[in-house]
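You will see subunit A twice below: alongside subunit B first, and alongside subunit C after that.
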Partner chain A sequence: MSAKRFGFILVLALLAAPTVARGQEPRLVGRIPDAARARIDSILAAARVRGLPIEPLVDRALEGSAKGAPPAAIIAAVTRLRDELVVVRAAFGETASTAELTAGTSALRAGASAEALARLRKQRPGQPLTVAAAVMADLVAAGVPADTAVGAVLALAHDADDADYLAFRRNVQRDIVLGASPAAALAVRIRFASEAADAPSNIPTTGQSPTPKRKP
Partner chain B sequence: MTDREDPLGGIIEILREPAELKPGLTERVMAEIDRLPPAGVLTASGSVSWWRRPWTIRLTPLRGLGLAAGLAVLVLAVYFGGRRAGSHAAPEVPEAGPATTTGRATQFVLVAPEASAVSVVGDFNDWSMSATPLERAPGDGVWYVTVPLAPGRYRYAFVVNGAIWRSDPEAPAAEDEFGRANSVLTVGGS
Partner chain C sequence: MTRRGWRVTLASGAWLLPIASPLVAQTEGTLNLGASVVEYEGFLSSRAVVFAPALRFDSPRLSLASQGSWTVFESGRGVIQGNAAAAWLAGSSGSWRLELSGAGGAASYDGDASGHLLAGARLHVFATNSGGWIGTNVGQSFGGPSGVPVEAVVAGWSVRNRLAMVGSATTTWQGRIRHLDLVGAIRWTGPRVELEARVGARPWAQDPDGGRTEAYGEITAVLPFGRWFAVSLGAGKFPSDPVRQIVGATYVNAGFRLRAFGRPARTVPVHTTSVLAGRRVPTEESGPPLELEGSAERRTLRVRATDATSVEVMGDFTDWLPVRLERVAPGMWEATLAVPAGIHRVNLRLNGGPWSAPGGARVERTEFGGVVGIVVVP
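Then we have the complex of A and B:
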């Protein structure tokens, strides 16, 4: 490390120290109006106390700032995300990573229930949930009904790894672009995935819990 | 009891008598000793003792400081050289869209022939318009940048000419609460 770079880092650290000491998030300084920043800092402090990750909350505040949103809208968005993180962490467990919790909030917002997320955790013990939860949200965003998307992800939970989930979602989206209805595209792809796993398709279309498959 | 009756006593008497040395023996022994190399001289059989013998190094304070500085530079060079060699980013994934990425190097691409500047903002760069500018490919209006990302789900958007927000046409849409569309990128890890 050059002396110049070391000096630069030292100056940054000295400048940031008072902000950190006052419990303020340094990345929000200069990007969020002071009044709103104080409120967000208090939300972040409470989140830390509860053991919630603050990165997603800071990102949401910075997104609002970058988009020129009014302070009240930024505070509302951060508060809502904080509440969603609480729900997802209860479903995924205390050891869930920040990436899992963030993806889980997207699934929750897309229409997955807390119970469905808890089932996902139960059906993928010891495996990361980030991509599975993200695919839930992505399928809904692509037009697949929420309960059908949730059921599809749960049906794949035993056998699919991240690459399988991503390929599944990509194929469904491709079929939709080619003209298939979202529900039909998903039904075709989940049947194909089930046949590939040598197991009967049990994708629900009304949101009921699918029967877990066994690896061949 | 006579000597003949006590053989052990006779042997003792014989051994107690001074031995007669050949003439000149003492001189020959001393001459051999003189021919031996002096202690510390390196020979084939004496190299081990050379390594074990303590050294005395005399340094002036100035030369000592110079030597210490040289050693420090050497250690730092080895340390940072090793770090640089081990910090190569993952090979770039030359995919047209980011939504199918399973690695950590993710390529963002936007076709915008009319743009003079494009950047990508998102959860991975604090939504900063200056953090991740895209580079324009020569001639065809294709803008691109590669960003190393950890597994996760990221919301992002392109900003054209510093003011126009665009979602990624190749990626799924993401929820938005602030009135400007987002795209979403999922980076897998297993």
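Then we have the complex of A and C:
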């Protein structure tokens, strides 16, 4: 390394030193009120120690700031997300990517259980979970009962790739838009998917035999 | 315009001109009552009753038509709709004649509203007993698929004694929805009955939500009894129409028509194939859809918002800083940003208003008092 280049890096390091030395997240400086930033920085520091990704936490803080949320609300949101990341990482494993963990928190928030997420990981060994978890959350948000949505995603877990999951979600949402009940739409689409895969469906339903469509 | 209105325009456009030209201005008011069994795509079969008053005015140069309808299904839910159309014919220039038209309609089903406005132009060519036209319709739909609807039509017709035939090819574009319809219709007018049959095919269809090719057809019979009363019977299948937000259906119906005033009952049959409005109505929490194209490093974000004076987006990929989209065409807003694959939290803001979720995205309530859209970028 040349002396000139070394000097340049040294200058950068010295410039960054004040923030790093105090354990501050540079992206939050000037965006989050000081009182909240100190607390958030401590949450981030603890998250780093536990090996959690801090990008989603920083993003959540920035989102709160951009929307004019009070400091207490921002701290509460970051804390809640941190807790959710802990749960999802336990379900998805230490090697889960940031995107997978984020999708998992979304599914968790939508109503999926940690146990369901762990089953998803188990049924898709070595495959990405981001889209599967996102679809799980989308289905619940579309009105599908949580246990039914989880069952559907798990039923596809062995054979479906991300494109299959996205197509499945699109078809269910379309059926719902056309008037089918969410549970019925899901049941019909999962049956089609199961038939296509020549495999029996093991979708739990909400206890009633769903009709495929409803009357207008 | 409803499916019915569309059908009337398509089918009678050819014979409207030879019929209308020798007539003096006439006004007709009718009341249609009917019952049917109808199965819309995505729904179970249902019985329905329809009440549909209509008013029509024809002169050699101008035709005006309006219709309202109230359809009640056995579930108790109903569709209320109103439609109006106008067509003006320019003077002849040799065998050629220009027609300008406008149509609009609105419908409400189960609390969801939709509507459309269309302007059209046709260039007709006439021979003694036959003719044809090319034309286009452009307009706007509300409460349904995004995008400016455009239809291009080429058609030909022929009249032989009691028999009239028309064939048409219509290409429709609306956003990412595109399809081609080929339709042939025949009408026979006898002394005691009038029969109309129509067959069609949609041999090409593109729709990100599942457009499909299909064949369809309908047959109707109208039996007039005196000047004031006619009975109609019909059955068939018609395809979905994204421009007018009509859900495709299969139906059987029967009804009668009472003529309130005007000339003897026209031969347009009573139908209950009324609109089921699209249910993609934006709410106060979701704005127009956000379309994304391109690679992770350089992705085009596109929003179609005809009434907007400014459009902004912010999300995790903008570090939660608002980014203003550029107006690249009327109603079309774009920005190019780096958006990696994955799950993103996104908000849109129109005209400096509240931040909303993009249409079609999962809406999540935040701890910050509003909503955010969750978008999966494959």
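Note that in this section the second predicted complex is superposed on the first by the 188 of 216 C-alpha atoms of A that agree within 3 Å, B and C clash if a C-alpha of one lies under 4 Å from a C-alpha of the other, contacts with A are read in each partner's own complex, and residues count from 1 in each chain.
Throughout what follows, contacts are C-beta pairs under 8 Å (C-beta built on N, C-alpha and C of every residue); 3 or more make two chains touch, one makes a residue touch a chain.
Here the structure is a predicted model, which means the values were calculated and not measured.
After superposition onto subunit A, the modelled positions of subunit B and subunit C overlap sterically. By the document's definition of touching, neither partner reaches A:168: not subunit B, not subunit C. Contact with neither subunit B nor subunit C is seen for A:92 once the two complexes are overlaid on the shared chain.
By the touch criterion stated above, A:62 is placed in contact with subunit B and with subunit C alike. In the superposition on chain A, A:127 makes contact with subunit B only, not with subunit C.
Using the contact criterion defined above for the overlaid structures, shared-chain residue A:137 touches subunit B and also reaches subunit C.
For the superposition on chain A, the stretches of subunit C under consideration are 60-68, 78-86 or 366-374; the one running into subunit B is 366-374.
In the superposition on the C-alpha atoms of chain A, the part of subunit A touched by subunit B in one complex and by subunit C in the other spans residues 27, 59, 62-69, 73-74, 76-77, 80, 99, 102-103, 106, 109, 130-131, 134-135, 137-138, 141-142, 162-163, 166, 170.
Put simply, subunit A touches subunit C in their complex at residues 27, 59, 62-69, 73-74, 76-77, 80, 99, 102-103, 106, 109, 130-131, 134-135, 137-138, 141-142, 162-163, 166, 170-171, 174-175, 177-180, 211-216. The touching residues of subunit C, when paired with subunit A in their complex, are 38, 40-46, 48, 73-75, 77, 109, 208-210, 247, 276, 278-280, 314, 316, 319-322, 342-343, 345, 355, 362-364, 366-370, 372, 374, 376, 378.
Of all residues in subunit A, only 1, 27, 56, 58-59, 62-69, 73-74, 76-77, 80, 98-99, 102-103, 106, 109-110, 127-128, 130-131, 133-135, 137-138, 141-142, 161-163, 165-167, 169-170, 173 touch subunit B in the complex they form. Within the complex formed with subunit A, the residues of subunit B that make contact are 80, 99-100, 102, 121, 123, 126-129, 150-153, 155, 165, 172-175, 177-180, 182, 184, 186, 188-190.
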